[in-house]
Every structure is written in structure tokens, then in C-alpha cells.
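First chain A sits with chain B, and in the next complex the same chain sits with chain C.
And then the complex of A and B:
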């Protein structure tokens, strides 16, 4: 009985090795599923976005007509779009100019291997792995104009209570604060790993040359960190350009468009108002922007950035 | 090493560091503490002005209320189905793909490799409208496959595994081939065990990403049928200026938050490592 079973098993194995295994030895078979999925859900959508930005498409009426650049015309003459575009640039600029230096500062202070330093690092990293929904709910509560604790704290410092995301003036700022709060721990971690990769001998040499701390920081730490900066700037820009969750959850772009950002605008225009061509034109402009920034960053990285 | 003297300069340094640490801890621990305290308050206490720090008596039934109100179990099942299926799918699609690019030579390898890493350059959020249109043509809106299949392919997972697979020694794989090991056995018995830390890291990353995902769930679903937990919290959230039951929202929020937090406690190092690479997404 056992012998028979073994014989069957051996024959099965033989069949498998001869007929089926060669198929999977072919590298194209191994990569095929990934390639097919990539084409269906990344390449084709990108091409579709570009194509549809030159078309007027109406799925209800069955219209699909080439209209040249008229979608682009219509977004650039739309004050709403221009405001959204401006908001996105402000959001990006403030985040890059404020959040990254803050991260460097915190990282320099926390760059010591003691329990309390590591604990603090882990604590500030935590929000990064929490869903935007939790973060938004928590901050909407903290920023509640009537019952929120933030206004109470401001009151102690003699500052008038703010309307936070309910006022045109502070809505975008509220979004920026929450977004910086969430990503600080991540940025600090990246800067810390950059700091730790700087060889100690360089600092020793600087010390022997009697360089002071500030000078050492600007002449050694900053240049040696430049690859880290490039990485952080690129990822920050890409993530600020694709911010959606916070806007949708906290302000829906309002009040009066004051906190609306590009991806949410695409959602409003294409998904809620069915103006697909116009939304896609906005998307293509965003794509171009991200492309230009990636390329610019890449060339900068090759030219100026310090390598070991 | 000699012990450094406490010069005034060093004292200033220590004080400054202490101030920074205290400020950071307050800014990050206080909101969470306040969230926990609110989740145990009564409706009356929540709407007190100025608010109290701690509830008079902890209202544990807030959690049961939130559970019922959110229909927590329904969304929990969806969250588990979507994230587990995505992880399994990614395993079968991305591991062989990364293995082929790392260890095999074939024509058009460079072009195909560039193609597979396409997602790293074009953030999917920007082309979501086209993905939505494709899914509605396929009839995948409001289905599990709609939330799973597009995410089985992940440029990041492939990229991350590819880097590790490249460092595996060729001799072991060649020896296995001489021993008449099938391609399946090479992947399952040699490549995967040798790259175990990377595989675990990728699985964790995908899990965190899918568990937290709000964007795609909100785009690719129109009813509650297959929606995941983040959507349940959103359903609780206030619209405009309405009177809010913050205690219920915070209780629900903590229930969404808890699994990630426990995972984080157990795998801080792994999670930090994967995000160091994953920043691209």
C-alpha cells in the first residue's frame, strides 16, 4: 500500500517537474501578474487621465468629444481652481519651510541613545501609523470652537478664541497644524537616521580644529544631511500635493473654498459634479508639477548633494 | 573617559533638551489622554465649558454604545477581509515578481522593471478618477475585489523585496536547482525564509496601509456593504455645527486606534524601518 502511494507520488512529482515547473521557470510568467495589474490600475489610468483632459465626456448623455485645450482654458479662467492651486502651493511651502526645519531641530535634540530620548521619539512617531480618520476626529474635537480644549489653552495666554476650521482665515492653517503634527515623528526619524550615518571622525576633527557647535552644525551636519533633505523635501511635496483625507474629513474644502486642495478639488469636480474632463485637466497639471519637482530634485541630488 | 564637568553651557543644554522633550510629550500624549478621558464621560460632561480633565465616574458603556451605533462588527469583518486578502494576494503576486527581477536574466528586464515601479513616480491619488471609472466599468464598485485587486500590485512592496532578494547568495539557489528543486520550492523553501525580516516588514506595511485606508474606501464604495472601519468612524462624525456626541466618537476612535497601537508596541523597530523606505507612498 505504502509502496503504491509512493509510486503515485513519484509519478505526480515527475509530471509536475516536467510539465508545470518549466512554465514557472520562465521569468515572464513570474512577473506577469504584477505587470498586468500595474498596466490595468496604474498605466492605463494615467493615459486615460491625460486623454480625457482633452475630451468633453458625459457618461449620462454618452458624449465623448475631442475639445482640444478647452478644459485647460476653463480651469485657468476658473477663480475657484486658481484659489485651490494657490492653497496647495501655500500648504506645500509652509509644510516644507516650517515642518522640515522643526524636524531637524527636534532630531538634533533627541539624537541621544537614552531611554527617555528613545521613548519620546517613539511617542511622536505614533500618529504616523494612525488612520487620518482618527486624527481628524481627535483634532476636530480639540479644535471645537465652543468646547475645544485648544481655545481654553489659548485663553490662558490671553488669546481670543479661534473658530479654527470653521473660519475662512484659519481653516487652511488648522489643516497645516494637524498635518505637521501627524508627520513630525516620521520626519524626525528620517533625520535621525541621517544624523547617525554621519561618521564620528568628522566631528572629532572639527573638535580638534576648535570649531564651535553652531559652526559645526552648519558646516558639517547640514551638508552631510543633504541627501536626507532631498528625500524629505521630495516626499513631503508629493504627500502635500496628494492630500485629500484631512480636507474631506475636516473642512470639505470650505469655508468658501479657503482650505480646498488639488486632490479634493479633483474629487469635487470629477466625482461629485461629473465634470470629468475638467477634473482630469487639473490632475494632469498636478502630475506635471510632481514630475518637474521629482526631476529637479533628482538633478540636484546628482549635482550638489554631498556623498560620502 | 573622563566625566564632563557641569559648565553653565552644559546646564543650558540639558535644560533646553528637557524643555523640548516635555513640550513634545505634552503635545503628543495629552491629546490621547484627553481622548481616553472624553470617551468615558457623559454627554453632559462633554458639553461642559470649561471642560473637565477627568470624568466623574467612568462611563464604560460608552464603548458598548459606540460598538452598537457604529455597527462595529460589520465594518471590522470588512476591514479584516480586505486587509488579509490584500496581504495574501500581494504575497503571491509581488514575491515571484521581485524574485524574477532579482535573480533572473531576461530580455526587456530593465523596461519591465521600470514599468513595475511606475507607481512610485505617479501617486495613485492623482489618477484616482480614472481608477474609479475603470472599476465602475468592471462593475467592481461596492465589492470586495474592488478594494483588493488593484492593491495586490504594489510598487513599494516589489521594490522593497527586490532590494533584499538581490543580496541573497546565488550559490544556494543554484545548488537547489541541481537538487531538482522546483521553482515553487526555491521560492517557498529558500527565498522566503532567507528574506523573512523583509517579508514580515512588507506584510506589516500593507496591513497598516489597508487598515487605515480611508481614501480608497471613500472613492470606491457608495454603500456600507463592504466599507471598512475608518468609514464607520466617519459616519459618527459631526456634520457642520451640529451638537456632537464626542464621547461616542472618541470611544469609536479608540477602538479603531487600538489594534494599530498594540501592533506598534510589539513591532516598533520593524514598523519604523518600513516607513523609512515607505516614505515614497
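And then the complex of A and C:
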């Protein structure tokens, strides 16, 4: 019995050594899973959307016809798309301009190792790990024009109640506020870690150099945080450009397209109007835009940024 | 003159590192604070600089009480152990940053920067960032930054400890030259007693927040006031023999004889050679005495391991310390030949 078992074991070992091992010694086999995932979920969809942006596709009628640049033509003459594009730019610019300075301010204030500071930091971080659905529900409640707390607070200051998401004027602003609020904790954490990587002696040297607090902040802290800023600006721009959940949950792009953003517009055009070609053309524009901004951001900042 | 008067320092966690600490440092002197890690030398320097609060007592620089003044207003400059240069600024900007804060005009900043860079021999590196400089060059930039402010006092916190051995020797003599040229007061911290001996006009040997002895290098070496100083200063430190009554005897490793000198009057110790390093002209021995103590001995005579020897130390080369560790007269009864 034992002999038989040993023989089976030996044959199995032989099989593995001779047949299986050579397969796994090949580097391409080892990277295959990652490459397959990458091709299936990134490369093929990208190629497909670029291809489809030049075609008129109708899944119901079975039409798939090459139309050249006519999809691009139609989106650029579509006032809705131009408005959405503008909204996305405003949304991105305002979010970056407010979220980062706010994060730096909070981080500088919280960068002390006491219980209350650490606690506050954790509290600020919580929104980041809460799902968009809960956050949207919460803010829709807070921003309710009739029963919302925000209008109540504004009332104390004698400010007329706002319509928030229900008005064309304030819908985009409401989305921006929620977006900044959710990402604040994450940004603060990244800035804090950047602050903590600045050695204390440098601040002591600055004190000996008679530098006051403001000058030390702008001449030493800010430049030494520059790698952190590049990282945060890039990730924030990419995440604002691809915001979808918030729009879907809170405003569905309304009222009258006033809070619509690129990704939600692509979804609307592709899945609600079934105009796949037009949606994909929008997608390609978005892809190009994010690419250009990321490259520009990195090359521009690389010249001025200090890396150790 | 810099004078520290009855300084007490308690850290926020309740630890008192020094109490009733007083020290006067002469104008234009090169004073070295030396001691083992944690003896309070860095704390002392940082209190003079104003980077550390003083719990009690006063710090006076040139007759002016600076205890509660900002570091920038004390007329001092500091060179840090790891240079503390601003990594995002060029060498020239590193120097002019402080000058601007001190109210110099643009032209003056430029001129002073050029001058100090020439002084430390880094004129060609004015527009280079510290990250592209070697350790020695960075140290020179830190030095230039300190010199540019024309301070009354230079504070140096182990400035050479991050440099390699050869560079350290070069920088040592460069610092001494710099001190002679500038004629300002240098306060220099090190845990390396060789640096202390070679550089200092005065040495303050510190231990556990107290000054064990303050004096010139010669005094400290040849006339130690207590066991700690005797053991700490010198390479190797003084050998200490415990006596039955609790007091101790000390002798330098080079003042020993293996054979009995003529007209001998002194102490005799016997033991066995446990290690030996032959350096050519001289041999370094460790001798395990019969009492179990180990002594370092320098001698020209050559013996092998395990050899039993008698060590003869003349009365004039002996130091006696009382049971409390303080220096006293060499007594009549000395350990004799067995």
C-alpha cells in the first residue's frame, strides 16, 4: 500500500517537474493574469469606444455604419454637450481651487500629536470611506429647501433660503460642496503626511534665520509640500472629471442640464438615448482631455517641484 | 561673555535633565561641550540658541538677558548635525533667505553671499541645490550660512559626525582656522573626546546634566578632578583600580613599565596579557589583573598572550580619587609587589 502511494507520488512529482514547471518558469505566463485583466477591462473598451466614435451604431435595428467624424460634428454643435463640458471644467477648477487650500489649512491646524487633533483627523476622514449613496442621501436631506438644516442655518444669518439642487443657479455649487466635503479627509491625510516628512531642523533653522510664521509657511512649508500638491492636483482632476455617482444620485444632471458632467452625459447619451456613437465621441474627448491635463500637470510641476 | 545661570530644564513629560546648571563661556573662545549621549550637552546648546525653553534660570549673552528672546534675536548662528539646509533652495538662496529676514537689501545680500561662499570655497556652487552636493560641501554651506549673519556666537551641534573620517580631520582644522579668522565665540558639541582635545580652547566635560570639569584641554587631561573625567578623556581613558577602602587609583596607559625602574616608588599590579595589538613602534595590550579588572597598556616591550606581567607605575604618574569619585592626594599605602 505504502509502496503504491510512493510510486504515485513519484509519478506526480515527475509530471509537475517535467510538464508544469516549465510553463510557470516562463515570465509571460506569470504576467498573463494581469495582462489579460488589463486588456479585457482597459485596452479593449478603449479601442472599442474609439472605434465606435466613428460609427453609427443601433443595437435594435442592427445598424453599424462608418460615419467618419459626424459624431464629433454633432456633439460640438450640441449646446447640451458644450454646457456639460463647461460644467465639468467649472466643477474641476472650483473643486481643485477650494479643496486643496482647505486641506492644507486643516492639515496645518491638525498637525499636532494630541488626542483631540488625532480624533478630529479621523472624524474628517470618515466621509471618504462612506459610500456615495449614503452621502448623497445625507446631503439631500441637509439641502432640502423646506426642511433642510442648511437653510435653517442660513436663516439665522438672515440669508434667504436657497433651492440648492433644485435650482439651476445652485445645483452645480451643491455638487461641488458635497464633493469637496467627501474628499477633504483624504486630502488632509495626504497633506499631513507631507507635512510630517519635513524635518524639524529645517523649521529650527528658519527660526534662527528670523523667519516669521507666515514667511516660513510660504517659503518653506509650501515649496516642500510641492510633490504632495502635484499628486493631489492630478488625482483630484482625474476624479472630478470622472464623477458619476454623485450626479446620478443627487441631480441626474438637472435641472435643465445645469449640473450635468461629462461621464453622466456619456451615460445619458449612450444608455438613455441609445446614441452610442455620440456617447463614445464624448468619451474620447474626455480621454484626450484627462491625458493632456495629466501630462501638462506633471511636466509643468516637474520643473518647479522639489523632490528630495 | 555667555553666561548660563542656575539653569533648570524639565521636559513636558516631567523629566528633569538638569538642575542648577551654571557655565560661563569667555568671549572669542572655542569651547567644547563633551560628554556621552544623553548628558545634556545638546539641550544646553539648544537652550542657548533659544530652540528649547528654559524652565528656571537665566541665559545672558553679552550682558543682555536673552532667556525669553526669539532665536533670531539672540545674535547667534547654529550649525546642525545634519546641516538643516533648505532642500528646495539653491546654495545662494539658502544663505540669502536669512539675510533678507535680518533686513539686508538685495545688493547687500548678494555681496555677503558671494563673500561667504568664497570664504568656504563654494563660489562655483552658488546655483546648485543641496541635494547635488556632497556631505562635506553641504556642511560648508551650513557654515557659510552661519557666518553670513555675522553672529557673536556660533553654536555647533556635532557638525562633523556625518562626515567620513578623512574629511572630518580636514574640516576640523578648517574650523579651527575659521575660528582664528572670525574671532567670534564658538560653542561646539561633540561626544568625541579627540575632537574636544584637538579643537577646544576650553572643554566642559558633562555627565547627567552636570559639568564634571571645565578647563583647558591640558588641565582636563593631566589634572582630572574626578573619575568620570579621567575615564572619559584620553585615548584610551584612564585606567582605574578600585581600592579596598572604596577609593580608587588611576593611571594613564602610557605611563606603565613592565620591568621595575630604578629607585622605584609607586604601585605594582600583576596580571595576565589578554589581548595584544602590534602597531610597529608600540604595542597595545589589555591586561587582565588578578583582581578581575582590565587595564589598557601602551608599551614598547613585546610580550605574548597569556604572559604574566607586573605593571610598575611611578608615584608621580598616579592619580587618587576618593570614594565619592573626587580627586584627592595619593596616599602612603600603595598596592605593592606580591
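Here, the second predicted complex is superposed on the first by the 291 of 308 C-alpha atoms of A that agree within 3 Å, B and C clash if a C-alpha of one lies under 4 Å from a C-alpha of the other, contacts with A are read in each partner's own complex, and residues count from 1 in each chain.
Throughout what follows, a residue touches a chain if its C-beta (ideal position, glycine included) is under 8 Å from a C-beta of that chain, and two chains touch if they have at least 3 such contacts.
Small disclaimer: the values here were computed from a predicted structure and weren't measured.
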Touched partner set for A:202, first chain B, second chain C, both or neither: second
Touching partner for A:210 - first (chain B), second (chain C), both, neither: second
Which superposed partner A:61 touches (first chain B, second chain C, both, neither): neither
Touched partner set for A:272, first chain B, second chain C, both or neither: neither
Of chain B and chain C, the chain that contacts the larger number of chain A residues: B
Chain B versus chain C as contact partner of A:1, first or second or both or neither: neither
Touched partner set for A:115, first chain B, second chain C, both or neither: neither
Touching residues on chain A, where the partner in the complex is chain B: 16-17, 20-21, 24-25, 27-28, 30-31, 33-35, 37-46, 48-49, 52, 105-106, 109-110, 116-117, 120, 122-134, 136-142, 144, 146-147, 149, 152, 166, 181, 185-186, 189-190, 193, 231-232, 235, 238, 241-242, 244-245, 248-249, 263, 266-267, 270-271, 276, 279-280, 283, 286-287, 290-291, 294
Interfacial residue positions of chain B with respect to chain A in the complex: 16-17, 20-21, 24-25, 27-29, 31-32, 34-35, 38, 46-51, 92-94, 96-97, 99-101, 104, 106, 109, 112, 115-116, 118-119, 121-134, 149-150, 152-153, 155, 158, 180, 182-184, 208, 211-215, 218-219, 229-231, 233-234, 236-238, 241, 244, 246, 249-250, 253, 256-257, 260-261, 263-264, 268, 271-272, 275-276, 279-280
Residue numbers on chain A that touch chain C, as the complex places them: 199, 201-202, 204-212, 215, 219-220, 223-224, 226, 306, 308
Footprint of chain A on chain C - complex, ascending: 49-51, 70-73, 76-78, 80, 82, 84-88, 97-98, 101-102, 129, 131, 149
